[in-house]
Structures are given as C-alpha cells and as structure tokens.
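Sharing a structure here in structure tokens format.
To keep things simple, chains are lettered A, B, C and D as they appear, and every chain counts its residues starting from 1.
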Amino acid sequence: MTILNNHIQQLLTRYLAVRQTTVDICKPLQNEDFVVQPVAEVSPPKWHLAHTTWFFEEFILCKFQKNYVRFNPQYSKLFNSYYKSVGIHTAQPNRGNLSRPTVNEIDEYRANIDAQIIKLISDHTLCDEAAFLLETGIHHEQQHQELLFMDIKYILSCNELETCYSTAELSHAHTPQSSWKTFGEGLYAIGHDGENFSYDNEQPRHKNYQYAFSVCESVVTNGEFLAFLQDNAYYKAQYWLSDGWNWVNQYQIKCPLYWSYVDGKWYEYTLYGLLPLDLNNPLVHISYFEADAFANWKNLRLPTESELEIYLSSTQNMRSDPKLNTISSPKIYHPNAANALSPQVWCWTRSQYSPYPQYKAFDGALNEYNGKFMCNQFVLRGGCIVTPDNHYRHSYRNFYQAQQRWMFSGIRLAKDII
Amino acid sequence: MTILNNHIQQLLTRYLAVRQTTVDICKPLQNEDFVVQPVAEVSPPKWHLAHTTWFFEEFILCKFQKNYVRFNPQYSKLFNSYYKSVGIHTAQPNRGNLSRPTVNEIDEYRANIDAQIIKLISDHTLCDEAAFLLETGIHHEQQHQELLFMDIKYILSCNELETCYSTAELSHAHTPQSSWKTFGEGLYAIGHDGENFSYDNEQPRHKNYQYAFSVCESVVTNGEFLAFLQDNAYYKAQYWLSDGWNWVNQYQIKCPLYWSYVDGKWYEYTLYGLLPLDLNNPLVHISYFEADAFANWKNLRLPTESELEIYLSSTQNMRSDPKLNTISSPKIYHPNAANALSPQVWCWTRSQYSPYPQYKAFDGALNEYNGKFMCNQFVLRGGCIVTPDNHYRHSYRNFYQAQQRWMFSGIRLAKDII
Amino acid sequence: MTILNNHIQQLLTRYLAVRQTTVDICKPLQNEDFVVQPVAEVSPPKWHLAHTTWFFEEFILCKFQKNYVRFNPQYSKLFNSYYKSVGIHTAQPNRGNLSRPTVNEIDEYRANIDAQIIKLISDHTLCDEAAFLLETGIHHEQQHQELLFMDIKYILSCNELETCYSTAELSHAHTPQSSWKTFGEGLYAIGHDGENFSYDNEQPRHKNYQYAFSVCESVVTNGEFLAFLQDNAYYKAQYWLSDGWNWVNQYQIKCPLYWSYVDGKWYEYTLYGLLPLDLNNPLVHISYFEADAFANWKNLRLPTESELEIYLSSTQNMRSDPKLNTISSPKIYHPNAANALSPQVWCWTRSQYSPYPQYKAFDGALNEYNGKFMCNQFVLRGGCIVTPDNHYRHSYRNFYQAQQRWMFSGIRLAKDII
Amino acid sequence: MTILNNHIQQLLTRYLAVRQTTVDICKPLQNEDFVVQPVAEVSPPKWHLAHTTWFFEEFILCKFQKNYVRFNPQYSKLFNSYYKSVGIHTAQPNRGNLSRPTVNEIDEYRANIDAQIIKLISDHTLCDEAAFLLETGIHHEQQHQELLFMDIKYILSCNELETCYSTAELSHAHTPQSSWKTFGEGLYAIGHDGENFSYDNEQPRHKNYQYAFSVCESVVTNGEFLAFLQDNAYYKAQYWLSDGWNWVNQYQIKCPLYWSYVDGKWYEYTLYGLLPLDLNNPLVHISYFEADAFANWKNLRLPTESELEIYLSSTQNMRSDPKLNTISSPKIYHPNAANALSPQVWCWTRSQYSPYPQYKAFDGALNEYNGKFMCNQFVLRGGCIVTPDNHYRHSYRNFYQAQQRWMFSGIRLAKDII
C-alpha cells in the first residue's frame, strides 16, 4: 500500500470516525428499539444504519469498484430513501413493518461495506468524483446521526413504560441574558463561501439587499413560552396562521411536543427521561406554526434566513467590523466560516425553502438531494445540540414542514429597525 | 404439598403444556419479528406472549391470591386487550409502536406469573370460580396460539426479504373427492352439549328448525378458485355483495391474500416460504366477500352455521343414524363431541354472528368475552390446521369481519334440497 | 281505448296516486332544497324524483315499449342507483355535486314518462312480467317516499337558519301504557303469506322454532331514553357493543340524532321545526348501537325479527287464538295480513339481515334489489309514521347499518320467558 | 342631498357598477347552479353573492351606521368567510350543505344592503376609515367576481350533462411569437407604488437585488404542454418536486384539470362547453407542480415574483429606458401602473408567498385579509382573462397552494443570464 494523499487520508480518517459515531449513538438502545416506526416521519434506527451504508454502496462501490457484487441485491430497494433515478424503493411508512433484515444482519452489512470502502480508498484509486461522493456520504451520515437522535427520542417517548436514553444527571440552565444585536441596511453576501464542502442548496453565494434589523441574542426559553401558553394563546386565533389554526384545532395541540402536565406541574420528556420543565432551558420541539404565533404574541417576528445567516456569521467578528451597522454604507458582508458557537436549537425562519439565485442542483446521482424538496417547507438555521460538531456551517439550510416538531427546533426573535 | 384432586391436577398439566406450546410456536422467530405490527389487526408476537400472561395475572392472581403485588403495574394497561371493566388499555393499533418491554422482559413476566400460578394451584386453594377462570385462560391462550400463527405468517410475508417460518419440505396434496352429503328437514339441536368446557356463545343448546340441505364433503381447492379468477369473476359485479364489490374496487383485490402472479405463474406465500400454487390444496385466506362471490359463481351457496354444525357433527356417527335423512321424521340430532377430523380451513358460513336463543354472557370479568362482538361479523366453523388439537369443538363459533383474510379461512359449499 | 282488466285498471289507479303523492311530499320545499346532499347517505330530493321515474323507464319502457327512445340517454347513468346489470351509474356521493338537470327538467321527465306509462297501460299490452315490474315500481316509489321524508328532514335540519317542513301545530302525546305480551314456544310460520305483492326477501314463508318470549306493547319513549342518557350511559362501556363503543367515541355521540341541549333544556328537531322534547313521544332516530345499549341498560334485549313479526301479526287476532301461549302445543301461527296498526317507528331487531331458508332473489333485472345487501345490516320491523299507508306489511323487512340514524328508527323491548 | 366630494362620488359610481357586474356574471346560471359545492374549495355562487354583501354590512354598516340593525343576525355567522375577530363562522366545506337562505332571499339581502350603503354614502357621512373600507369592499367583490368565474366553471364542468356558461362561438388563437426579454443585474424597486389602492401584501415598496434574467414574451400554449404530456413526463419522476410526484401518483393526474381524451382526440372544458383542444391557446388550469415539472422538462425555470413584476412593469415603458439592460449600472426601476396588457393567465412563480421586508398587515378588521395565509402557497402574477379590468395591478400578488388548479393558472418561463 502506497501513501495516500492528504485529502484522501483525511477523508478515510473522517469516514472511520463518522461510521463509528453512528454505532456509538445507538449503543444505549435495546434490540427492539431499532425496529419500530411510531409515525411515518420517524424511521426505525436499523433503517438509518442500513440506509447510510447503502449510500456508500450505491453511489461509490456500485459505480467505482470494478465488478462489484452487491452485498444483497434486495437492499438496493429496501434502503434507498427517495432516489428515484437509481430504482424503486420501499415506501417510507412501511419501514417499521419490516422485521428483516435483523439488526445483526445490518451490522454485518455495515462491516462489509466499510471493509470495501477502506480497501477502495487504500488502493488510492479514488477519482475526484468518487472523493466528492465519499465526502458527501460522510456529511450525509452525519445528517442521519442527528435524525437518529430525533427518532430515538421520539421512539423512546412513545413507550408507555418509562424509558430514557441516558441516565446521566443534568445541571440546571442559567437565566439567559436577553439583548439585541442590530444590523444595518445594505447588500450582504449570503450562501456558502470557500473551498470546504457544502450542499448545493447553500450555493451560489450571492448578494441580497437587506433592510435594517435586530436579532435577539438569546433563544426563547421554556419559561417565555409557558407565559404564552398561560395566556391561553393556543386558543386565540389572532396569533396564528390560518393553516396553523386549523392544525391546532384538528390535532388539539395545547403545548410543545414533549411537554406534559401532571398533577399541576409541567414536565418535559428528554433523552434523560421525563424531567420537570426547566424554565431557563431553550424551548425546543415546536412547529413553525407555534414559533410564528409566539412571535406575533410578542409583537415581534421570526427572522428571515438571510438575517439569521448574517447574525450567526457575526457572532465572531462583528466587533472588528463596526461599519456594518451604518445604513449609509451598504456593503457585502463576508461571514466567517469558523464556528465557536455551541448552538442549542435550530431556529425557525420565516423564509420558505427556495432556490438561491442561479442555483444549480448537484449533477448526477445526487441531483435529487435537495432541489426536489423546495416546496412547502420552512428554513431553520443555526444547528442544535445533537448536530455533529464538524457538520454544521453558518450557511447550512435545514428545512421542515410547518407542522413538524420532532426535530430540535426553537425560536430566535427578530424585529425591523425603521 | 398435598395431593391435588384430579381435575386440578389435570388443569395444571394442561396449563404447563399450553404455556410451553406458546413459547415453542415462537421459537423460529428472530427478536425483531416479535415487535412489528404491519396492520392494526396483526399484533406483535411479544404482545401475545404478554397478553396471555396478563389474563392469568388479572383474572386469577389479582383476585384469588392474597396480597398479590402486580409484576409491573403498567402491564395492566399495556396488555389488557379490550376488557373495559378492568381499566383503560393501550389502543390496539399502537401495539407495534412500543419497543418496550423487550422480549426478554416479557419472558421474565411469563416465568414469574407461571411460578405464581403453579404455586396457587399447588396450594390447592383453587375455588370453583378460579378453576373455571384458569380453564378459560388455558383456552384463551390456545386461541392466541392460532392468532400467533396467523400474525407470524402475516408479519413474515410483509418482509421484502424472503423469509419463512419453517424450512421443512411439503408433500403435494391429493385431488380431493367431491361428493355431497344430504340432511333431512326437521328439528335439530344446535350448540354445545355436555360437561366439557365451552364459551358462552356456544350455549345454550337449542332446537333449530332446519330445511333439507346438502354439504360438499370436500372444501374448495386452489384449483377451483383459480377457475373463478380466470373467469374474471373479480371484475363481474353480479357475483358480489354490494359491500364486497366496493371492497374489491377500493382495495383493488384481484386474488386471495397470499397469492401472487410472477412471470406467468401463480405462487402462494406459506409458512414454508413462497411456493408454487398447489391446485389440490384447500383454498385459504379469503374473505367472506370472496367466499360468497365464489358460491354465487357456482350457483351454490355457503352453508348456515347450523348446517355446518350438523354436518361436522355427522362426520363420525352419521352411518349409525340412517333416519336422519328422512324428511318425514324430523328429530333432534345430537352431535357427537368426539372429533376425528383433521380440519384444514375454517369455513365461512352465511350466518352473521348473533346470540343463540336465551343466550347469557359469562358472569363477571369475562362478560365481555364474546357478546359485545355480535355485530358485523360472520361465523366460521370447522377449525383449521393451526387450531390447537384439543381446543376445537364442533360447536365452536369462530367469527371475523367480511373483509378479513389473514385467518385460515376457506369455503365449504352447500345447497338446498327442494 | 278498450276496457282494461281489473288488475291493470287498479295498477293504473295506484300508479297515478303514488306518482302524485311523491310530488305532494315535495310541495313545501324551496327549489334549493332539492339540490343538496349534506352526507352521502342523504340524496337530493330531485334525485329521488328522477330515480323513481328512471325505474319505470329502464325496467318497463325500455323493455316493453317497441322502438322506445330514451327521454335523455344520459339519465340512464345519472339516475341508476346501484343496478350494475343495466350499466354504469353515477357514484352516490356525487349526487349533490350535480346542479343539472334542474328540478324543472326533472318535472318534465316525470310528466313524459308518466304519459308513456299511461299509454302503455291503456294500450292493454301489459304482459305479466311488465305488470309485475309496474307493481314493483309502485312499491319502489313508495319506499322512496319514505326516503324523501328522511332526507328532507335531514336536509332541512342542516340549515343554520331555522327551517321547517310544516308549520302545523302538534298536540302532545299521551303517556303510553307499558304492558307485555307473551308468546309460547313452538314452531311459527315466518315470511310473506298470500297472493299480494311482497319483495323477494320476505319469501319463502317458512317454519321457525321459537322459544317463549314477551314483547313490550309500547315502544320506548323520549322520556325513558332521557333517563338512560342522564345515567351517563353514553359514557359507560359495559352497555355497548364493541363497535358501538368505538362509534360513540369516534363521533362523540352524546344523544339521539336530532336532539339538542340549549340553555338547560332538551329540544328535538322535527318536520315541524325545533320543538321542546316531548317525553311521551316515541324515541326516534337512533342507531342500532344505541338501541342495543339501551336494552342492556334495562337488563332486557331487542327482539329478533321473527319475534317482532309474530308480535305484529298478533295485534289483531291474538285474542281469538288463546292456545298460542301454551308451550305444550307448539303450532304454526299464521299472521293476518290486515293491518290496523298506526305504526310510529321502525323497531330495531337483533337480527342481522340474512336470507330466509330457500330464499331466491327476483329473476332478471331486479335480481339486485335485495340479496346483495345481506351483509352488515340489521333488520327493522313495524313501519313508521312516514311509511306510506298501503305499502307496509307485517312481513316487511327493513334494514340499515348499525350506526345509521336518519331513518325513523326506535325501540321495542323484548325478553325471554324461561 | 348635498353634493358629494369627488372621491366619494367616484366610489359610489364604482360601488354600483361592481355590484351590478357580480349579478351580471351570474345571469346565465340556473337556480340549482347557485347551490352546489362539488369540492371544498369551490363555493356555491349564492354564497359569494351573500358573502360580498356581508363584507359591506359587517365592516361598514355595523360600524359606521348608527343604531344599525342587521338584516338577519344569523347571516353574520353564515357569510363570514374566515374573519375570526368578528365571530364564529360556518365551516367552508359546509357551504354546499345549506339550502337556505335561498337565492331569492340573498337577492333581497343584496338589495337591502345596497340601499343602506347608498344612503350612507349619500348622507356624505363617510369618514376616511369608512371610505377605505368601502374601497376595499369594492376590490374584495372584484376578487370574488374572478372566484365566481372559477367556481362556476368548475361547477358546470362537474355536471354529467353537457352544460356551458356561454353559447357564443370562439375564434381560433394565433400562433404566439416566442421571444425572450432580458433584464440586467441590479437593484430594482418591487411592490406597490403610488396613491392608488393596493392590498397590504403589495407593500411596502422595497429594493430587491436582482441577478440578470430573461423572460419569455409568450406564455406556454396547450400545444407546448401536449408535447410534455406526450413525452410521458407525467410518469417521469425526475421532472417533479417530491410533493408533486406524490400528488401525481396519489390522484392519478395525467393531464391539466379540464382536459379529456375521447376517441383519440384531446378536448378542453371551457366556459363555452367542451371544445377540441386549441393548440395555440394559452395553457390554463395547471398546478404549480405541473408548471415546475414542465419548466424542468424544458431545462428552464419559473420566474420569481420579482422577475415577473419587473417584466410586467416593463411591457409599456421598456423602450424608453434602454439602460435597464446594462449590468454595470444597476438602478431602481419604477414600474408603470398603467396597464395596457390583456393578460390571459395568472403565471406561477417559484416564489413562496411571504411578507415583504417591513410588511405591516392592515390595521383593524382587515388585519386577517392577507398575512395569515403566508404559508405553503406560491405566488402567481399577471392577472387573467376573468380578472376584472380595473382590479389588476402589476404589483398584485395572487397566491394558491401548489396542487390547486381551478384558477386560471398558466406558465411563463424564465432563465438565468450568466
């Protein structure tokens, strides 16, 4: 074996680390926890283990390894999520109806594909396209690591037996300080900048004319949202989008997803089990409808995704750029890619998920990765506590439907400066 | 330990045997197979293991064992199926959303309850009511053994990976002989007779005026039903009940449940995997709608449940009672409880499930066992290949909804003699 | 025009009278009332006007009038209800989506078909089959007269504006006397007897072995049912069939169909508008589920359809037949067709709608009239206040699904005599 | 009566004209056509007649006429569409279940409110707020005139009898010329400009940074879309949004809303009845999903709403502003409000319906007019053949859900200039 070039060596190291992390995330689970799908949007953990593996098999081994023979030809259909161009796939709501392959069989699948990927890399036959797909596959698996946390939390919460992911003890949150940061009117550059990896939907970097705005430096806490709830705002149409009001009434929504009210006290289901609601903790697991209603109740608004990207990018180097606030000198602002944040919750933006100007989807197999979902989704920004550390970027565009709540979603408020 | 009386000793022996059989039925399963619920009517095997155990805990230990402390108080809700009088219960369609308790935990539950039931019996403190409930619990568990076979077959069939319960080889069926047996007009006694156990719905034994009829001595085969299908009868309204026609069209029903047509050949999914359709085998897994349509297509009809009980009861001692066919001397016919049949499929009757004259539901806890289901169900008679041997009686009334197919249901035809 | 034979003359007279009555029933309606279909089972009145006319066109004129040209070929599809043998038809739930043909156009259709039927009859060319179909068509239209009352009541009740069919004043009901009538064990003859018209499902008259029973001579009143409601019986599972309990909970059923509770008082919507609930009036517009639950709450039961036919047939000539109660001499009882009853409500029976022994469906076009509905329906007996006078017979088998309530359905209780 | 000021006099004239136009639009209808609601989104015409009247009663008479007594207090609930702040309202899908009030009663309602509004205006007591609400009410009624055309077309199309709105003869369309118009990169002003009326969602006028783009000068024709269909593009996932692909498959969508294929020829249902598809006519009645798929199939894209506003505004005065195309001098472009267009179809944009920067909803009663619908809708621009002449503006933002098709929606293609 010859020496690999730096980039490939780095990719291999990251590949191995990310693959191991996925397995580690599942360690606290019982075998039965890997199988169930309590609602269509929550996939069985064993499906995630297999699907992330299928991604490497389908897009790299099948294409770049000569005479490759699939581990199991049926896996092609079973573990394809939504890539129509590579064949039919099992319908998403059926994932939890399939007891086979077993978790052990999927572990074997992972081990087998890992061995072949390592061999492919070690043989240093990786062309640029394969390297790009490998890097994308690593990022893809990191996305699924966050999904695993979301789905595991949901699955464990459905058990009528008390079940928790971790038995560690949590310390209490401190009261956040609530100050506002203001940004001036002008042209800003938005979107991914630089050589590092990004998804197609973060590109191209482009100019955006922005009016002056302020963003709150702390996210909304459980305590603040409890005040909204205690004002009976779930029963007051004036705060809600029309679709939101229908949703609240149809599903009898009365509190955030994991909250419950028992014997006069509020509790929150967490990965650490059912805990008394910590009023200083960031509010999490709310829908766009609830986020928007809360902002209306506060006479404020949700930020746009540009505003949140500008804000997030500023958290390091705003101080060195005092001119940014000057309305009279609009200029292109370059976000700094370095991320010292410890993000807690993905924050809903009022921006519906749309292509950037001059957007081009990835070529080839990954053409379906992002563009076909640009309809009836809202963008969330900022990352969350279960987002893998080196996965997040300020230009990262997460997106969910307005009623979805099982992701770690919260609120950061904004307002116009007029 | 003193000597138990015969009846109780016998009960204990049967209890142990039946409990072991349930476990044996599940032996070929993988852990993951115990968890899934692909449709609401198919319960996860681990639920059956727990529910049959709960039956003994709820109705015997809780009532007859002094100072009894439940194994786990939450199991009372989790494993109650539909007995409203003993508290709330988990909704049936949610059973497959619960990963906990695990199969291992349920095994512990079974072992624990078994130990306590054995102790209760061995202490010879069993009053008559407790003995009756114990006997009912044994029969109840046998019912669930048949349900386990039904549910396991359905669960394994849903896997897109080829999966089978047994790998044994099957011999081919012989061509059945098709003759008719005729019964004369008159009064017949219907319902359970004798001292042995029966459910409340088989009682009381009562007189029924019966017109002359014939029953086919063989059940309908796959080959006969294939002729119906090949006559495009699934597309001809005139053979179908109105509800049946709607069902066929809404769900695009084109063949029996486990049949499939691949590359010009018909296959049938069985507990032995996917096999070429054996034309001599009894037709199985069809709905009432299909059974009724087939009978219409044949210009024949399904039997009533009285007719089938009379026929089944006659299979041993008809020869010794030649007067039965004489229309001029209607008389009460006493079915013989002895059962030399090797029944293959439950046969649909045209009788909707209703109470017998002067029917009384069981008193007390088991009041809900049967009566509350007497609505929109059709009776099936005769037992099937997965009915436990000493569980079946000729008076046994099985019942399912007209569209259901996952039980081992088939057709025995009848006609009027006018 | 020559002289018609008596039977044909009589048919013509009845035809004209029945056709006129249908029109008269609709007189109080506004044009808009003819169009709407608030739920699938309630058809627009204009559809009834056209469908009853189509029946004569399709089954008589098209078949027996030489060179007949349809009034409008599209009506064949539009106004066929469910006769698959004569071609495709508009789906029932779409009837209220069709604004055309207008009421005026349908009036023209009626007039045109009437003229041709009269001509056909007057030309005394009516063969026996045509005469039978004509008679059936008359009975069919009478069935739709009752349906018109049911549907009109439902349609007017849906208006948020107060709307009533008649503005006449109602006198109050007297307290009914509640006595029981007992019938002895034995063989009874059930089913239509005699030469007069009946539907196929009332035939053949046959022997039925009946155990001793009593029937209450008065139907259940609003006051009696209010006591059930006030005992919170809608919230007590033990009284309900399993399907009934699901229905009550899914649709949040809390009272009979047309009842409402306003400012501490109960009201009932009637054809005379919204009136305070008259406690002495017969209870009406309840489902089988409610009827069965009420009987359970009373520790009584609903009668079988045989029992109700025996009871109804006895209301005239029971007194002259004192031996009927003697268990020791079971005998065939012949109901008297003469009907002096003024029936108020159709009474639910516990009998699911099934074919009589040796039942044969009508031949030919009307083969679909009854038999294909023998599934998941319960029989009601006795006629009601809106049943046309000369339409009802004691052998008449009405049938509805267990959850339906918009017909004039009520309760007559029964019990075993043991 | 004293002389009214000009503005008020003008308002009165427009009020009378618009009210009359609404009545004129309904002239070809039969009474029955006013009543039906074949799908939830299509309201009965009589509801539109009443709701537009209610708008004036609720927001003007109730507020500004002293001691005003409502025409009928129940109309407040019946004809409120979605204004939660003024009380409960009838659920939208129930509109077609209500036969009352009749069309005649609604005509009386219209006449009565008109008389009172005329009196209120003539008494020249109209404050600014009332004048604004009156003007808004006139625009609101014009919106409903377009909705009336949409709903009438849908209602008539549902009739299985051939039914048309007009029997006039149509001339054939000419082949459109297909050229592209290009706009340069730079800052453009977007949104309503000037003193004339506009809705809150068109405001405020704001700067938007725009990259260079071209817009096709003709809209897509039936012929162009037929080529897409004939390429089997409805069956090729690669052209469709993920939600669009699900929609196509769930509802078995195979062509635009009013197209049908009979005996080898394509037809289009129009207000003039069913006509052979005119290949030169603009494509109309398609969903966003179909518009987006068509653009993808063409390797082009839909315009953003800014692009379409820039294009539409340019159709008059582009020639006098040659610098607009110069990328090196981005400048604010002021659309000319004058509209010489004869727009044919509303064109889908890829812009999801969101608030403009610094958007403020109308104060008071009309706060709910627009903002609460800014979720899961796409913007359409340009007006259509049934848009009232003096109602349309280039800044006008129409919006519908991605699957909706019953509005007069079509396609104008765009592309990037890079």
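We adopt the following convention: a residue touches a chain if its C-beta (ideal position, glycine included) is under 8 Å from a C-beta of that chain, and two chains touch if they have at least 3 such contacts.
Note that the structure is predicted; figures quoted are calculated from it, not measured.
Asks: By label order, what chains touch subunit C and subunit D together?
Replies: Shared contacts of subunit C and subunit D: no chain.
Asks: Which whole number of Å gives the spacing of the CA centres of subunit A and subunit D?
Replies: Distance between chain centres, rounded to whole Å: 37 Å.
Asks: Indicate the whole-number Å distance between the mean C-alpha point of subunit A and the mean C-alpha point of subunit C.
Replies: Those two chain centres are 60 Å apart.
Asks: Multi-chain contacts in subunit B: which residues touch at least two other chains?
Replies: Residue numbers touching two or more other chains: none in subunit B.
Asks: Judged by the touch rule stated earlier, which pairs of chains are there in contact?
Replies: Touching chain pairs, listed by label, are A-B, A-D, B-C, C-D.
Asks: If we count contacts the way the header does, which residues on subunit D are in touch with subunit C in the complex?
Replies: Interface residues on the subunit D side: 30-38, 46, 72, 74, 77-78, 90, 94, 96-103, 155-156, 158-161, 163.
Asks: In their shared complex, at which residues does subunit A touch subunit D?
Replies: Residues 82, 84-85, 187, 206-211, 237-238, 240-245, 288, 350-355, 357-358, 367-368, 372-376, 402, 416, 418.
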